[in-house]
C-alpha cells in the first residue's frame, strides 16, 4: 500500500486498510441514506421535515471513529449521518423511524429529528438548536461521579454557537473539567444566516478561549483531520483534561430542510464546495479506484433499498399505544 | 491646585475642581444612602431584600459621569449607586421607593430591585441576573434606527456573565455594531460563588474576543479609571464603533443581601479591600482633607435623613390603585 | 392606551375586500404598518431573504431593507429582549419566533421583563411590542415543533394573547396588536397559513378583547380557538344535517378574554363545549369552563360543561398518531352530539 | 415505574415522629436519600457553603462534599440540563432553582427535553430528576421573585408537579419524587419553610398522585394548594365557629391530579371553592373546576363552583398591596360563607 502510506501515515498507525475502507463504506451508506430520504420526501412517502447531511459525511464518520464503544453521543437535527456512524447503528431501524414505523428506533414517535439508539449510548438527535448542549453537562457530571472512563461527544451547528445554551454549557464543562467533546459542524449557514453575518470573529473555535479550554478548527471534509482532532480531544477528556471545542469546517450540499429556495447562496459556491467531496477525497487517500468506488456505492444503495423494504413491511404504531412512553 | 494636577491631570482636562468635588459628594451620598438602607432594614422599617453597593461607589459615579444626558441606563439588582449617580436622580424619590411609598420612583410597586427613573432614560434596576442584557440589544437597535446620538450603558455583575443572555446580547450587539457599553462590575462574588470557581479564565473582559469587540479591565475602585474607560467606550459607541465590554474590578463590603453569613470569604479579605476605599482614594486624589471630608460626609448623611423624612411623610399606595399599571 | 396611529385606521371593515390567505394577511398587515410608520420593524430568524420559515415575511426585506427586516442569529432570548428594549424606547417592534416551541427560550424576557416592566415602574413606562409565532401540530414536525402553549401566556398578567382563526381577523388584529401599547403574543397556526378568506385591502383594525360568534345556533355553545374554529364550523355543518344547531364562538383574543358573548350564548343554549388543540390538562379550556360555571350562566346549564382538547401527550411523529393526538372534526361532532342528546 | 429503592422504603408513617420545620423536612429527605444512594446528588446556585438561599441544603456540602453538593454559576438552563443528562445516564439528580421565577430560563430544557425525551424515544429512555424551587409571595421580594407558575408545568405532559403544604408531606413526597423515574417539579413555598409539623425521623415515602383530605366537612369542598392549605384550615376553624363545616382537600400532587377525593367530596357537599395563590386567569383552579363540572359531581352541585386566587397583576413591592394581591384567611372565610349561604 504505497500510495496509501504517503497520503495518510495516520491510517497505518491506527487502522488496517480494511478498517479504513469501512469508514469509506460508512460515508457511502450515509450518502445513500440521505439521497433516499430526499427521494422518499419528493414522492410524498414521508411527512414532516428532514435535514440532510450530504457533504458532511466525513465529520460524522471521522468523529464517531475517534470515540469508544460505551461513550455517549448527543446529536443534533442534522443527525442522520452521526446516527449511522455511531456504534451498533442499525440502518433498518433508522429508516423505519424516518418512515414513522413501530420498528423504528423510537417506535415511530420521534422521526428524523429525534432518532436515538439508547442501548448504544446514542442519546438522540435534537430538534432544538443547542438543545443537547446543557444536557452534555449532565452527562459529563454523571461520568465523573460514576468514575467511568466514558466521554460525551456533543454535536451541534454553527447556529447553535449563538444560543445562550452554548455559553452556559461550555463554561460549566470547563470549570468542572468535564469529559465532553464539543463538535461544532460549521457548514457556513444556519438555515439562511451565513456565519459571516452571525459572527464577528474569524473562527468559532476562538470562543474556546472565553472558557479557558482548547479550541481547534479542522477541515471537516477531511475524515482523517476530523478523526485526529476528535481523538485527541477525547483522549484529553478521558484522562481528566476537560472539554475541547472543535470546529469542523464543512458545507451542506442541499437546502436547509425540505423546502428551501436557497436564495441566500450562489450555485457557484455550492459547486465549489462540491469539488471538495469528503467521500472522493477519502477514496483517493485510500487509493480506491473509480470502479471500486462505484461498486461500493452500489452496495450502499442496495443496503438502503433493503432498509426501505424493511420499513415498508413494518407495521404502523397501534393507535391504542398512543399514551405509551409519556411517563416511566 | 498643585497636588491636584499631579495626582490626576485628567481631572483638569475634563472637570473643574468643583465638578470633581461633585463626584466625591455623589459617592458620599451613595455610601450614606446604603448605610441608611441597612439601618432601616435592621430596624424592620422596610421589608423585602436589598443589595448594598458599599465599596463599589467609584464604578457607579465614574461610569455615569462618562455618559451624556439623554443616554440610556439599564441597571441591575445592586443598583442604588447607579441610580443615584445617573442624571437628574432624586434621592427623595429613591428613598420613598425603597420604603414602598406612593411618592417613590415606581409608586412603591417596584422597591429596591426595580428602581427606575424613566424620564431620565434610567430604564431601571433588574431583579433578574443578566435580565437587562437582552434588552440592551433592543435599546441599541432603537438608537440606531432613530439615528440619535444616544448610547446605552448596561450594568451587570460577574455572575451575570455566565448567563446565556450575556452571550446572546454581546454577539448581537457586536454583529450589528450597536451603541452599547457593557459594564461588568466584577466584585469577586456572585452571592457565594467566587469568580475563581465560576470562571476558568483570568479576566472576564477576555470574553470580548469571543464577539470580536474591545474588552478592557479597570480598577473599579478608582473613579477616574472607570470614568476614562467608560468615556472611551461611549465615544466609540457614539461614533458607530460598536459595543465594548468593560470589567470593573471592585468588591462589595457587605453581605450579598439582607441575610448572609459570608461563610464563603474571610474577614481578612474584606479588610484588605476596605483599604482600597474608593471614596478615600478619590478624596486623596482631590487633596480633600480629613476635616473637609468629614463635613461632606455629614452633609450627605443629612441629605439622606431629609429623604427618609420625605419618605416617611409620604402616603402608602392606595389599595384601590392596585390594578394600575398592569396594562397601558 | 392604544397608540394614536389607531385613530388613523378605520374600524373594520373598509370596502374592497378580496380573497387572500392567512399568511398573506399577516404579510399585508406587516407591510402596510411598516409603510405607514417608521417605528415599525421586524426582527427574527430567517425572516429576510428566506422570507420566514412559513413565508410570512416574504419580500419585505426587499421592500424595506435589512435595517427594518432584521435577520438574527439563533438567539430567542435576544430576539425577545430586542423587542422589549426597542418598544421601551419608542419603536413598534414585531418579532417572530420561528416555531412557538422556541419561545420556551424567551420566557424570562417575556414574563419577568416585558409583562412586568410597566407595573414594576409604577405605570411610568410601557413595552409596546408584538411577538408572532406559529403554534400547533399537523405537519409531522413532531414533539419539539408542535407546541400549543397559549395558556402559559394567558396566565401572565401584563401580556395580551391573540390567536386568530381567519385571514380577516389576522389582519385587523395584527394592526391592533402593533398599536396596542402592550406586549402582545400573537399566535398563528401552521395549518391555517394556506387557508383563504375575504380581506379588505385597505388597513383596518379589530379591537383586541372581542370574542366573535362565528356561527349562531340554539342547541350548544362551542368555544373554539385557532385551528379548532374551522373544524368546529365544519362539525356544525354536519350536525345541522342532524338538526343540531351549535353556536361557534371564537374568543380571538384569549387575554383579555371577552366572556360576555360566551356567557350570553350559554344562557341561551344551556350547554357548552370548549375545544382547543393544546393538551387538556392545565389548558385554556379550564379558564373558559370556569368563567361559565362561576357566572350566572351556571343556573342555565342543562348539562355538564365539557372540554375537548389535545391528549395529554407530546405530539408523536407518526402521521396517524399525530392526528389522534388533537381534536378532529369527527371528535367535535361526537362530543357535541353527546352533550345535546344528553348521552354523557 | 418507580425506582427499586422505593421498595426499601416504608409507606408512611414509621414510628418516632417529632416536630421539625418544612425546610428541615426538605433537608432531612435530601440527606437521607444521599446517604442511602450514591446516585443522588444536589446541584444549584449557592447550595453549598451558603446552604441555599432559604437554607434548605445547609450543612450538606460539609457532609457529602463538593462533588455531590454542586454550586453552579448562574446558569439556570445549565442546571436543568445537568439534571437531565445525569438522570438519563443513571444518576438521581436533585436540582435547585433559587426562586421559581428563574425557572423561566430553564423552560426549553424542562419542557422540550426532560418532559419529551422518553416519549420521543419510544419509551426507551427515562429522565429521573427532581427540580426543587420555592414559589410564592409574601416576603416583599416583588414581581420578579414571587411567581407561582405551577400551572405551566401541569400543562406539560411528561412532567409531574408536586406542591406540598406540610413538613410531613414534604419529606415523604420528596423521597417519592427522587425515585419516581420521571422529571418532577417540586414546588416549595417561601412562607412555609419555617412552619412546623410532626415528621417521622426514618425515611418514608408518600406516593405521588394522591390528594389528601386535610379536614373533613359537610358544607363546602375547598381545594387548596401549598400555602393556601394552612390558610384554608384557619378559615375552616373560624367558620366552624359559625357552624359552617368546610372540607379542605390538598391535592399535594398537581400532576397527575388525583381528583377522586375531590369529586367524592363535592358529591357530599354540593359546593366547591378552589383556592390558590397563583393569578386566577389561566391557573390551576380552572383545571379543578373543570374536573368537577365535567364529572358526575356536576349533578350534585347546589351552587356555582368558584375560584379564589391571586389578582391578575404582578406582585407589588409595597407590603399592603402585596398582601392584597393574594388570598388571605379573611378572603377564604368570606368566599366560603357566600357559597354556603348562597349569597352570590
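Letters are used for the chains, namely A, B, C and D, taken in the order the chains are written, and counting of residues starts over at 1 for each.
The rule we apply is simple: a contact is a pair of C-beta atoms (placed from the backbone, for glycine too) under 8 Å apart; a residue touches a chain by one contact, two chains touch by 3 or more.
Everything numeric in this text was worked out from a predicted model, so none of it was measured.
Two chain pairs are in question, A-C and A-D; the one with more C-beta pairs in contact is A-D. Chain centres here are means of the Cα atoms, and by that rule the chain farthest away from subunit B is A. For this pair, subunit B with subunit D, the centres built from the Cα atoms lie 37 Å apart.
Computed centre separation for the pair subunit B/subunit C is 41 angstrom, with centres defined by C-alpha atoms. Chain contacts: subunit C has residues 72-73, 75, 77, 101-102, 105, 108, 112, 119-120, 142-144, 157-158, 312-314, 316 touching two or more partner chains. Shown for subunit B are the residues in touch with two or more other chains, namely 106, 108-110, 114, 126-128, 131, 162-165, 168, 171, 175, 197-199, 326. Every residue of subunit B that touches subunit C in the complex is listed here, in rising order: 72, 74, 104-110, 114, 116, 118-119, 123-124, 126-128, 131, 133-146, 152, 164-165, 168-169, 171-172, 175-176, 324-328.
Residues of subunit C that touch subunit B in their complex: 1, 38, 41, 43, 67-68, 70, 72-73, 75, 77-78, 80-91, 93, 108-109, 112-113, 117-126, 128, 157-158, 160, 180-182.
Residues 162-168, 171, 174-175, 197-201, 206-207, 209-213 of subunit A are the ones touching subunit B in the complex. Contacts from subunit D toward subunit C in the complex involve residues 101-102, 104-105, 107-108, 111-112, 115-116, 119-120, 142-144, 147, 149, 151-158, 255, 257, 278-279, 281-287, 289-290, 293-295, 298, 304-307, 311-314, 316. The part of subunit D that touches subunit B in the complex is made up of residues 45-46, 48-50, 53, 71-77, 101-102, 105, 139-145, 311-314, 316-321, 324-325.
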